[in-house]
Structure formats: C-alpha cells, structure tokens
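In the two complexes below, subunit A is the common chain; its partner is subunit B in one and subunit C in the other.
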Partner chain A sequence: MTRMGFFTDTSICIGCKACEVACKEWNDVPDDGLNFLGTSYDNTGALGADTWRHVAFVERPRGGSAPPSSPPVNGQDAGSSPAADALDTGSAGVRWLMSSDVCKHCTHAACLDVCPTGALFRTEFDTVVVQQDVCNGCGYCVPACPFGVIDKRESDGRVWKCTLCYDRLKSDMTPACAKACPTQSIQFGPLDELRDRAAGRLGVLREAGVSEAHLYGADDNDGVGGFGAFFLLLDAPEVYGLPPDPVVTTRDLPRMWRAAAGAALALVGAVAAACARPR
Partner chain B sequence: MRPAPVTDETATGYYGNPVLKAPVWKPVIALYFFTGGVAGASSTLGFAALLAGNRRLARSALLASAAGIAVSGPLLVVDLGRPARFLNMLRVAKPTSPMSVGSWILSAFAPASMLAAGSAVTGRLPRTGRVAAGAAGVLGPAVATYTAVLVADTAIPAWHDAHRELPYLFAASAAASAAGTALALTPVPDAGPARRLAVMGAALELAAFRAMERRLGEVAGPYKEGRAGTLARAAEACTAAGAALGLVAGRRRPVAVAAGALLCAGSLITRHSVFRAGFESAADPAATIGPQRSRRAAG
Partner chain C sequence: MGSNMAECHPVGFQWVMEAKARGARVIHVDPRFTRTSALADTFVALRAGSDIAFLGAIVNHILTTGREFREYVAAYTNASAIISEDYEDTEDLDGLFSGWDPETQTYDPTSWQYAGMPAAPSAGTKESSPQGEAHGYGSKLEGAEPPATDPTLEHPRCVFQILKRHFARYTPELVEEVCGVPKARFLEVAEALCDNSNRERTSAICYAVGWTQHTVGVQYIRTAAIIQLLLGNMGRPGGGILALRGHASIQGSTDIPTLYNILPGYMPMPHAARHGTLDDYIAANTAPAGFWGHADAYFISLLKAWWGDAATADNDYCYDYLPFITGDHSSYRTIVDMADGKVPGFFVLGQNPAVGSANGKLHRAALAELEWLVVRDLVEIETATFWKDGPEIDTGELRTADIGTEVFFLPAAAHTEKDGSFTQTQRMLQWHHKAVEPEGDCRSELWFYWHLGRIIREKLAGSTDARDRPVLDLAWDYPLLGQTGEPDAEAVLREINGVGPDGRTVGGYTELKADGSTACGCWIYSGCYADEVNQPARRKPASEQDRVALEWGWAWPANRRILYNRASADPSGRPWSERKRLVWWDGDAQRWTGHDVPDFVIDKPPDYEPPEGAEAEHALRGDEPFIMQTDGKGWLFVPSGLVDGPLPTHYEPHESPFSNPLYAQQANPARQTYRRRDNRYNNGNGAVDYPFVMTTYRLTEHHTAGGMSRFLARLSELQPEMFCEVSPALAAERGLVNGGWATITSARSAIEARVLVTERVKPLRVQGRDLHQVGLPYHWGWKGLSTGDAANDLFPLALDPNVHIQEVKAATCDIAPGRRARA
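Then we have the complex of A and B:
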C-alpha cells in the first residue's frame, strides 16, 4: 500500500486552530485544560495525550535585517494576505511564525520499537498507531519519542497520540485536520506526491527571497529515516520546539546490549573471583 | 525551574518548553531497579557459593534473591496504567524493546529463584533446587543489567548518552547490594566472598558513576546539581562507607550488618539518582537542543 502522510506548510498557516478543533471533534479527544499560558496565542502548549494537533505561535524580533518580500501563495502574488502579513510586519516589529505540529509517523519509530506489548503498530498506510485494546500503560513509548509527542492519559492509564485518522483513511477519507485546514497549510496524500509538492513550494519561496525556508523531516537519511508527517519551516526547528537533529534511540540499541553483555560478564567474573578464594 | 543562562534565545526552544516528554514512571520503578538488582546479583552469588560448597552463604543469597524478585513483580505491575493487562507483556517477544526482553527474562528467572530458595531453606528437592539455582544464577546478571538498557533506550540525554556506562553502573550497584545483603544475613566465617564482592562492587559502582558523568559532558548537569545530584553524592558516601566498613571491620557481625545496610542504601540511592536525573534532563530543552545543534553543525 502507498505510504500516506502530512505535509504541513507553515508558511501559509494562519494560526486559526481549526486543525486542533477538528481533531478533537473527530477523534473524541478530551479537553486539554482551559489555560492561559501567556505564550502568544498558544494556550494549548504542546502535543500530548489529549492534544494531537498543536498550533505553535512564535513571536520573534525581526532583528536588523530587511524583511523578505512577500512570498507568493500557491503561485499567485500574495498581496495583502494574512500569511504575507504574518511573515512581514516590518523590520522594527515582531515576526510571527505559526505552525501546526503533529505526530511525525517516523520511518524508524522509537515508540513502536520499544513498545513491549505490540500495542503500537505500523498500519497498511505506513503510519504508527496505538491499539487501545492492547496498551497496558507501561509508558515506555513516552520518553522514547524524540519529539515528545506521545503521552499517557492519567485518567485512562493508556497512551494516546495522533492516529493520522486511521479510521478515516480506511474509508478513503482525508484526516480531520487536513480537511478542516482553510489554507491548505496541512496537506494530506501519498508521501511521494507530498514531497514533490513540498520541493516545488520550497523553490517558489526561495525564489521569492525567503531564504530561511527549508523542509524538516523530508530526508530519508535523517536520524529517524524521514517523517511520514513533514514540515516546511521558516526558522530553525528548535524555534518551533522541534528537535534539530532527532535520532531514533534504538539505533544505538545493539551497542547498548553489547555493553550490558560486557557488564553481565564482569558481574559473573567478580562473583567468581569473590568465591574462588578459600574462605 | 528554568535552566541556566544560555548563549542565545533559541537554545531553550519554544518558550523554554521541554522538547521531550518526561517519563510517566513512578519512583517504585527506581525501587524495582534496586530490588531487581539485589535479586539478580544474589542469585549469581548464591549459585557460585553453592558450587564452592559454602552452603550458609548460598542459602542467604538465594533467599535474598527470592525476596528481591518477589517484591519486584508487584512493583512493576502497580506502575502500569492498566495493571490488569500486565500479561500483555508476554503477548509478543521484541528484541527492540528492552522491556519485552526483561519481561521474558523475569518470567524465567522468578520461578527459578523461588524454587532455588525454597529448596535451600527446606532442604527438599535438592537436585531440582540445584538446577533452579543454576538457571537463576545464569539469568541473574541479565536481570541486573537489562534495566540499564531499558532507561538508556530512550530519547532522554542523561540516560541515552550514558548507554555505555549505565549497564556497568547497574551491574556494579547490583553486586554491591547483593554482597551487602549477604554480608548482613550470613555468619561471619562464611561471609568472606560477600566481603570481597562488596569491595569490588562498590569500587566499580563509584568508578562507573564517574565515567558516566565524564561521558555525558554538557548533559551531565542533573547528576551534579539539583535533587538527582544530591542523591548521587549521598549514594557515593553510603557506598564508600559501606565498603570501607566491610573491609576494615567486616568480621564483627554488627559491623557487617551496618556495612551491608550502607551498601544497600548506596545502591538504592544510586538508582533513585539515575531515575531522577532522567526527569530533570527531559525537562531541560537546552539538553535536548544543544547537542543536536552541535551535531548538525558538525555535519
């Protein structure tokens, strides 16, 4: 089956949070608290057991550099579109970055690797999903994820995260967040197609002088073997709260088992040495 | 709770929020690292003592092993979000999951350890008891070290980046605590191997912790300051005092008991320090972002 995924083009995200709402509605995700976080328009905070889409709002001083010209949106001149305004508020002002974060559905998924029950599995769409009737709430996947995506729902005891709307995919439907996105910042489709589209979009932005635009998670040779849900970002990943160079922890597992074998042998050696001498 | 000053604003990421999720494990898991360590190393010590003909030492070590593993099981089950589903741990066998590997090791080790202890205490089924003691003795080092791989196989810098040293730290800590337990439970004339193992285990435990701190470099912070750092220093003091006491005056029974208690305390606190350090490391965005940025800059 074709690998399906998300391409989140943050250059045209307007921060409406329709994705957050649609995800909650469709997937029946409990509320994540009525909070005032004091972090721009972000009162959601981070991805978690009860937050499967999270819109980040970054307010960054422009610095001294001249603002880039307004990038064209979808091939047309952006004019005074909200997205262009968001990008370009003048050299003295603040630059707004908005980005809808989601589970990356890694090619090499640490959560799936470390799951002891097999509750986390890879679907026929190459996405990573928790089988809630199997999960026993051991919590191992939580610190294993290099993006801090999956978490335990305390009221429930099990772990939860984005399923890339597995149920909708099975019915040939678009995931709720992508369906609800009014600017096509969230695009859903076969990963190959999305990557082609993203490369084209990156070219358009670069040509328009947005030199800081780059793709995050579109490289099969990165530490997690590429994301099933990748991004076009306008600043360093860490600015959005994303790890700059994530690596699947299990890549080092053979070395860990070898170290454990060495330590186990050392333990046997120490016990043997202790018992060998006449008492 | 926000980390120390940083060189630029993006080093702490998005409003200083953690990049990673902190583990959801409760401190009973740190306690399990200790009880599992005592159980694992004690079974090896017990089997070696059995082979050497030291029956009294064998008996106390096999008993400690069974007691340790009897406590461990419930500790692991109560920490699950859905304790009733604990048997799902044996639904699959996955070498990529240290918890799966550990579950299978424990389900072979626990009955062997219990059988060996039962036979040693009652004197019944001596041949079966010996076979069981052998099985538990061989599996013991795996029980004592797989937990190190379990914490290292996460994205948390203070755990993951210590993956070469943690198994040695856990093995040594297990040896010291098993030797301490045996020291306290065994009459002095038969406790010679326990005294020697105590010194070796304690020395390696202290050395492994230092080596781990050196390896971690810029992400070693939690082991040096804060609550995990305080625990680390306390563990070091207990372990060193226990080993010294056992070495100098371990032939006097009350002193041997005190030395054993100190070694066990040192091991228990070491596990809590490592456990705690993981939470602090996960909460610090700079610990996640900094090394990754350097790595990327280096190409």
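Then we have the complex of A and C:
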C-alpha cells in the first residue's frame, strides 16, 4: 500500500496544542503530570509514553544569549540569521518558534529492529506501531530510538508511542492531530504527495527570503532512510531539540555481528584446532 | 490590535494564515509579543492603555498626507456636515468637550449636534441616571439629512475640519512619548495601512477585549471606525472592523441580549421616566429615516411573540408587562448593591464572577450578602463554593457560619448535549445538533428556564393579582421532546424568525407589521427560518458554491455577509474596482445585484432622491449606504449616542503611572467609578507605590475563568499553574527568578504567581523613562486540577461609561519575589 505520513510545517504552527489534546482524546493517553516547567509555554517537556505529540516553544533573541525561559539547546545559539531577519521584522528582537514533534515513523526503524517479541511492526501504511497486547515491556526499543520517542509507561510496564492513528487509518480517517490542527501545520497524506507539497512550500519561503527554512527528514539517504513524519523547520534541528544527523542505532549491528561472528569462528577454530591436535 | 487572535481565536486565525499565504501582510500591535506576534509580518509593542494615541496618530497621518479615499469620504461619511456653533473641542477645553457638567460628572450632548438640527432626546438619557445607560442603538437624529453641509469639506465647522484640528497634535513624536513606540515603527504601520487602502485594495482591523476593557473602550473602537471610513474600508470585501468575540455565541448574547438595557435586536429597554406608554416608546425610538423608521413594527411584533393572543391593540400589546428600567442596572452596579445588602437573589449561568470579574474580593463579599444564589454550570465552580473554601474563609475575613446565602447548584448540559445555534463574529448563525444525551440531572438552559416558568405559572394559576398577569399571559407553549421534556430549540428559532397572519414563517423583517398581525422574537434574525427551513443548519460545502458561500449557515440581517455593502460600489452604483467588486447596480434590470445579498433597498436606483414626506428607508437617497443611520452616513463624528464625547480622545487609564501629556484632563471624565473602602484606587502617587502597568489576558490552553478547562487534565497539564510574564530587565530589577514565585500587589489585593521571565516582554521607553509591564493570564481560581490566584482580584471597578465594561487591560501594580503572606 501507499506509504502514509505527516508533513509538519512549523512555519505556520500557532502553538495552540490542539494536536496534543486531540491525540490524547482519541488515543486515551493519560496526563503526563501537571508541572509548570518555566520553559516558555511548554509544560509538556518532551515526547514520552504519555505524550505522543509535543509542541516545542523556542524563544530566540536576535544576537545575545537565549532568555532564561528557554536555555539554548546543546549550548548553541544560532544568533542572527537570514531566516530570523525575514520572519521577524518586529521591534521585539525576538523570534518565537513553535513546532509539533511526533514519532518519525523511520524508514529504517531501530525500535522495530530490536523488538524481540514482534510487538513493534510495520503496518500496511508503512508506519511503525506497537501492539500493546504483545509488548512484554523488555524496553530494548527505548535506547534504540535515535530521537528518544518511544518510552515505557511506568504504571503498566509497556512501551507507548504515536501509532499515526492506526485505527483511524484503517477506517480511512485522518489522524486526530492533523484533523484538529487549525492552520494545517500538520498535514497527513501519501508521503510522496507530502514531499512534493513540502518542496513547493520550501520554494515559496526561500523566495520570500527565509533562506534558513529547510526540510528535516525528507531525504531517503539520511541516517534513518528518511522519515514517515518529516518537518519544515526555520532553524537548525538542535534549536528545536532534534538531532541534526540521526542515525538508525542498528546500522552498525550487521558489521558488529560480522565481527563478533568472525571472532567466534576464530575462537571455535582455535578450540577445534586445539582439540584436534594429536596428543 | 487589542486582540491576540492566534491564541484566543485559533480556529478563526486559520483564515488569517490563509490570507497571509496569499500575500496579505499581517501587523500585530500589542503590549506583549504573543503567539499572534510570532506569526505576524510586523510586530509593534505599545504601552497597555495607549491605543487611542496610536490610532489617533494614524488618523492625523491620513489627513496630513492626504491619504483619505476622498470620493468615499465625501459621499458616504458625515465629513461634510456642519456642527453646531456651540460645539467646543478637547483642544479648546484642555481635554473636555462642551457640555460637561462637573456637578453631575456627565455631558449634555446638545452642542455636539449638526448645526440647525434639534438634539434627539434619546441621546440625552442621563437626566435620571448620573452614569447614563446607553440607548439600544444610540444613533437617532431628529431629522434625516444634516441641515447644513459643505461638500468641499473646507468649512471650519464641518466634521472634516474638526477632525483635522482634533487630532493635529497626535503626531509620531507623541506616539513615541505616550505609547513607547519608536517614530519609525509607527510610520511603517501607518504607511502600510494607507498603501493598502484604496480603490483596488482594502484593509481589515481585528480587535477583541484588549480594546473594550478600558474606561475609554468604546472610543478605542470609534477611532478604528474613523480610520476605516477615511480609508474607504467599510462595506467592502476585505475591509471592516472585526470584533472577535470571547465565547462561541457572545455575539448572539447581545443580539438576543442578556443585557439589562436592550431588548432583542438592539431595541432599547423601556425607561420608566421617559417611555410610560407604548406611544411614548414608539415616538422616542422611531427614526425619521433609515430602517429604524420601522421600530414600531419590530417592537410590536416582539410583544406579539412574547404574549401571543393576549397582546392586542386594545391593551397596547401588553407593553406594560415589560420590565422598565430606572437607571443603571448593569452587572457591576448590581454587585455593588449586592455588597450593600440590597439584592436578595442572584442567578449565575455561564459565568464565574467569584474569580472571573474585576475585584473578585468585592464579588465574593457581595455573594455572601445574598439570601439565595443559583449557580448553573458544568462543574462546581468557585462561585458556587466561595462560602466554604474561598480565600476569605482561609484568612478568616468571612466565616462560613456567618454566611446566610442559600446556594443552589444545578448541573448544566454542554453544547454537545443540546440543540441550538451559535452566532459568531460575522453575525453568522450556525446550528449545532445534540450529539449525546446529557448525563444525570444535567439540563440545557432552555430546559431550565422553560420549566422554571412552567412551575411558576402553575403556582400562580388562578391568581387575580394584576402583577401576575405578565407571567400568566406569556405564550409558553413550545413542543417538548424526549423523556426529559426538552423544549424544541427549533421551535424557538422559528419564533425568533417570526410568523405572518397565515401562521407561516415570514421571509424577513421587511414583512413585519405594526398592526399586531405579525409576531417576531428578534427582528434582525428574521429570515433565519424562512420557508419553514432552519437556515443556520445549512452546510453546503465551499466546493459547491462561490467564495461568499451564502448557503453556509445564515448571517443577520437577511443573510448579508458584509454589512453596508452598498458602499462597495461608487455613488453611481459601479464597483470601485473590478478587483473589489461585491455589489453593484444593474441598470438593465433596475436592481442591485452581486455576489452578496445587497444591503440596500433592492430596486432603489443610485440617483434616487427622497420625495417630500418620505419616511424610513424611503427617506434615504440612493447613494447613502449606511441604511441604519438616520442620515445614511458613516459617522466620523458622533453627534448623538455616546455619553463621553463625539470624538475619541487619548485619556490615560484610570490607574496610570504617567500623566496625560496632551490635556490637563488625565482620564476619561465620564468614566464610571465606585469610590468605596472595598474598591480602592491608586490615584495618588501611582508612579511610586505601584510603578508598573499590569494587563490581563487569556491563553489558548484555558477558557476564560476556567470552568471549562481547569477541571480537565488534558488542558490543565498544558498550563498547570497561574503565572506572570515579566521581562528579564524587570526580573533583574526585582530579583525575580524564572520558575520561582512572585507576589503582585495593587491597591485592592495581593496575589501570587509562578514567574515566567521572557524576552517577549520588553520594557518600553515612555515619557523619558523605562516602563515595565506585567502580564497576567486570568484563568485561575482555587478549584479544579490546575489552581492559582485570580488575576482579577487585583483590578478595580472602573468602567467605560457607555457600556459599563471594566478596565482590566491596564492598571498599576508592584511585584516582588516570593509567595504572598498567608493568614
């Protein structure tokens, strides 16, 4: 079947968090704790077992250091950029970036690779989903994810993440977050179509002088073979708390296994040789 | 301006984003950099409470650079009208208009009239009420055309010249001094607006309670009206002034009002001193020209809808069954009277005044003086429990044992649990169908009031007391549905639409009669059930109709989507431009036609001149688009209807750390105040005791006073605590730490909040010094999952005199680190 996915265009996100609420309503995800985090308007913090959509709020002063409410990620500060100049003609000297993060539904999904029970599987829509009745809570998938998306719910021991609303897709419905998004910042559809649309949108923004706009996760040759849920960002990925160059954590496994197998063979050979030596 | 549309109206803001994607430029002017600012092309920070200085300077910029749409202004506005020679401006009287009576603290508006025209008595409503209560529509004149005009706009007393003089000192330099907006930033906005407003292009202005919640709130919007009339942006597609309403049907709640001084369709409530008989009322409220010339038909049809067969010509259609007002009975006046023990009972529906209204402490003290209180809500809100767990119980100021108020809490049904209509900001009615049955004892408002009426009528049955007749004679006969006996909401909508002598629904308000043969619950909604069809329930997809989409829902009046759209064509009836064509005169068919429903008499030609003795709409010429106005003009200058002046003037907020640099008159002289021990003001040395400006607002994550959001985990976790927003500079000055606690104090109270230090709030340079502003979302109270102190406790009752709205968008405060003191 056609690969389905999300295109999240952060240039038109208004930070309303309707995606977070709609996701929780449809999927019956419990609350993630009522904690005032003091990080701009983000009181969710990060994706996790109880947060499958997360809107990041990043306040970026032009020049100078980041404000106390949003410490720079990885100690970096993009400072003034052509993109910032184009988007902020205001006098406040501040940009407020908003972006709704979600599971990337990677082409090469490490979580799926390492799952020993088959609870994680690739659906007919080419999305990656946990079967909750199969998951045994081993947690191998948690460190395997290069984005820190999949997470164990302490109350029941199993892992949870975005299903790209597998049940809704099966009924030919739009996922809850995309359906609720008022500005179509979250778009759902066949991945090929979304990539075409994203390329067009990028062209429009670039033409308008937003030279730092770029697509994140739309490249089949990246470390995870491209995302099923990709993004248009207005600053470096790390500004949004995203890895700049994600790599499927199982990428080196074959080589490692080959090396291990070689070593094992060598050991077996050595033992055999030792045993075979005439006494 | 005055709106944070992306956060407070995110669903409507999708269309702003759509417009932006098509090339529109979005400008946001606000005290804070909000989620709206983040998406705007241009953001300008200004001091809370200084908008008239900013807007007035745009008026001045338009006039001094000659950027007005001259043909439009000359033909469609009252720019040419000559004003009475008794009129004196704020420029002459240092901040006062002529007619000010220092003793009663009110204006006599006689001198604001058109020269040669007697003043309309309906505007002078103040004689029996020191604060005045606004007329329903407030704009009646005693004659149709202004008696004296100067089409060249050169006469020194014509409106155009008065306007020029009035705003002459509103310069970019003044904007810099008063608003804290650099000159260049102001000019950028003014130029952008002028460049985008002409024959080919139009600009829209959106506002919300950031403009209304001031002691000069009505005049804020008036200033925008002047700008839009000068630039020719009214009655044209892409233009207008859009009032973004605070709830799903707040527009509906003024159309079919929950207000004390108007009846459905903006007809005034009868006043005991002036409208003793039906004839008095009709005479006072029927305009000589325009569609208010049929006020008798609208009013008598309303009485027929309410009292049915009991309303006859012989008994003046039960006119004396209506309640009559004697003065100001507005919400805050009632609360003050309640605090003084003068109000025995109170119904609270869809409101949470214990934390949601200005000066919450005064409200809670007032509620404790009631004999009984009825609260209907989805959850047990603070207003229902103030007597056992309010802040004053904690501090010992109130003791539960001493509070005699009997509280009845009744569970309400949500909009998903009942049929009904919402009227949104475009005056569009949209029907919603019940999705699920309400649980347990939850019931709709319609159910509650209908059955309350039924029970009262049953108790009064057989009474011979004349005072019981208004209740016993009511037409109270909607069909009841289902096991709960829910009145049929569609039957109510049908009554609102109105029926003719044949018992069938009328097609619109032009069919209403003053002879008792028609009945109509709200004349402006007439047509919403035309052809016996629930018109608001229409949902024809956009793909199956043109962009005006006349078959999606139904907009009052007469399904017109843009009001006064005759102004989209020039005086001769041709569109101002092909690009902006909407409604035009078809000479062959001798009719108005176009994409929208023409807001004009359909066959009145552009060159129509009213014959001698013509009345109502027939007394307006064919080139006068503002058909609800007695003179058919858009009013740059308001000769009648406002109690605080015919032109907007910059006054400082009631509480301000600055003095008014323009006039000796500091604040709106006509503003409504309550000088009481429980409503203290900081009017003395404000800049020392309370040096900062505070302003309240909403967040996307919560709904107003929190009843619909603080009790839900999925919303509460997104904004879990009350917080305040401060700049890094203020944080450094006062030792505030991001994520820590702050105590904010005013002359009324002290509250605590978590601190959010953000670059989005910046100090402004005002009158030569740095001004810090403190941002306070007002969603919180002590109940629910997400709790916190109520920002409204900090604010006083200081009101706009026209509409009695509280000033909670600008007042003075201080802020210190740490939590507030506890008892």
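Just so we're on the same page, the second predicted complex is superposed on the first by the 232 of 279 C-alpha atoms of A that agree within 3 Å, B and C clash if a C-alpha of one lies under 4 Å from a C-alpha of the other, contacts with A are read in each partner's own complex, and residues count from 1 in each chain.
Please note the rule applied: a contact is a pair of C-beta atoms (placed from the backbone, for glycine too) under 8 Å apart; a residue touches a chain by one contact, two chains touch by 3 or more.
This is a predicted model, so every value here is computed, not measured.
Of the two partners, subunit B and subunit C, it is B that touches more residues of subunit A.
Judged by the touch definition given at the top, the superposed model places A:Phe121 against neither subunit B nor subunit C.
Of the two partner chains, subunit B is the only one that A:Pro243 touches; subunit C does not reach it. In the superposed model, A:Tyr166 lies in contact with neither subunit B nor subunit C. In the superposed model, A:Phe36 makes contact with subunit C only, not with subunit B. Residue overlap on subunit A between the subunit B contacts of one complex and the subunit C contacts of the other covers 37.
Those residues of subunit C that touch subunit A in the complex are listed here as 6-7, 10-11, 13-14, 17, 21, 28, 33, 35-45, 181-182, 185, 699-701, 713-721, 723, 728, 731, 738-739, 754-760, 762, 785-786. Against subunit A, in their complex, subunit B makes its touches with residues 10-11, 13-15, 17-25, 41, 44-45, 48-49, 51-52, 54, 79-83, 85-86, 88-89, 91-92, 94, 96-100, 103, 140-142, 144-146, 148-150, 152-156, 159-160, 163-168, 170-172, 174-175, 179, 189-190, 192-194, 196-197, 200-201, 204, 278, 282, 285, 288-289, 292-293, 295-296. Within the complex formed with subunit B, the subunit A residues making contact are 37, 39, 42, 45-46, 48, 56, 58, 110, 113-119, 134-140, 142-152, 156-159, 236, 238-246, 249-250, 252-253, 255-257, 259-260, 262-268, 270-277, 279. Listed in rising order, the residues of subunit A touching subunit C in the complex are 12, 14-18, 20-21, 24-25, 30-38, 40-41, 43-44, 59, 61, 67-69, 88-98, 182-184.
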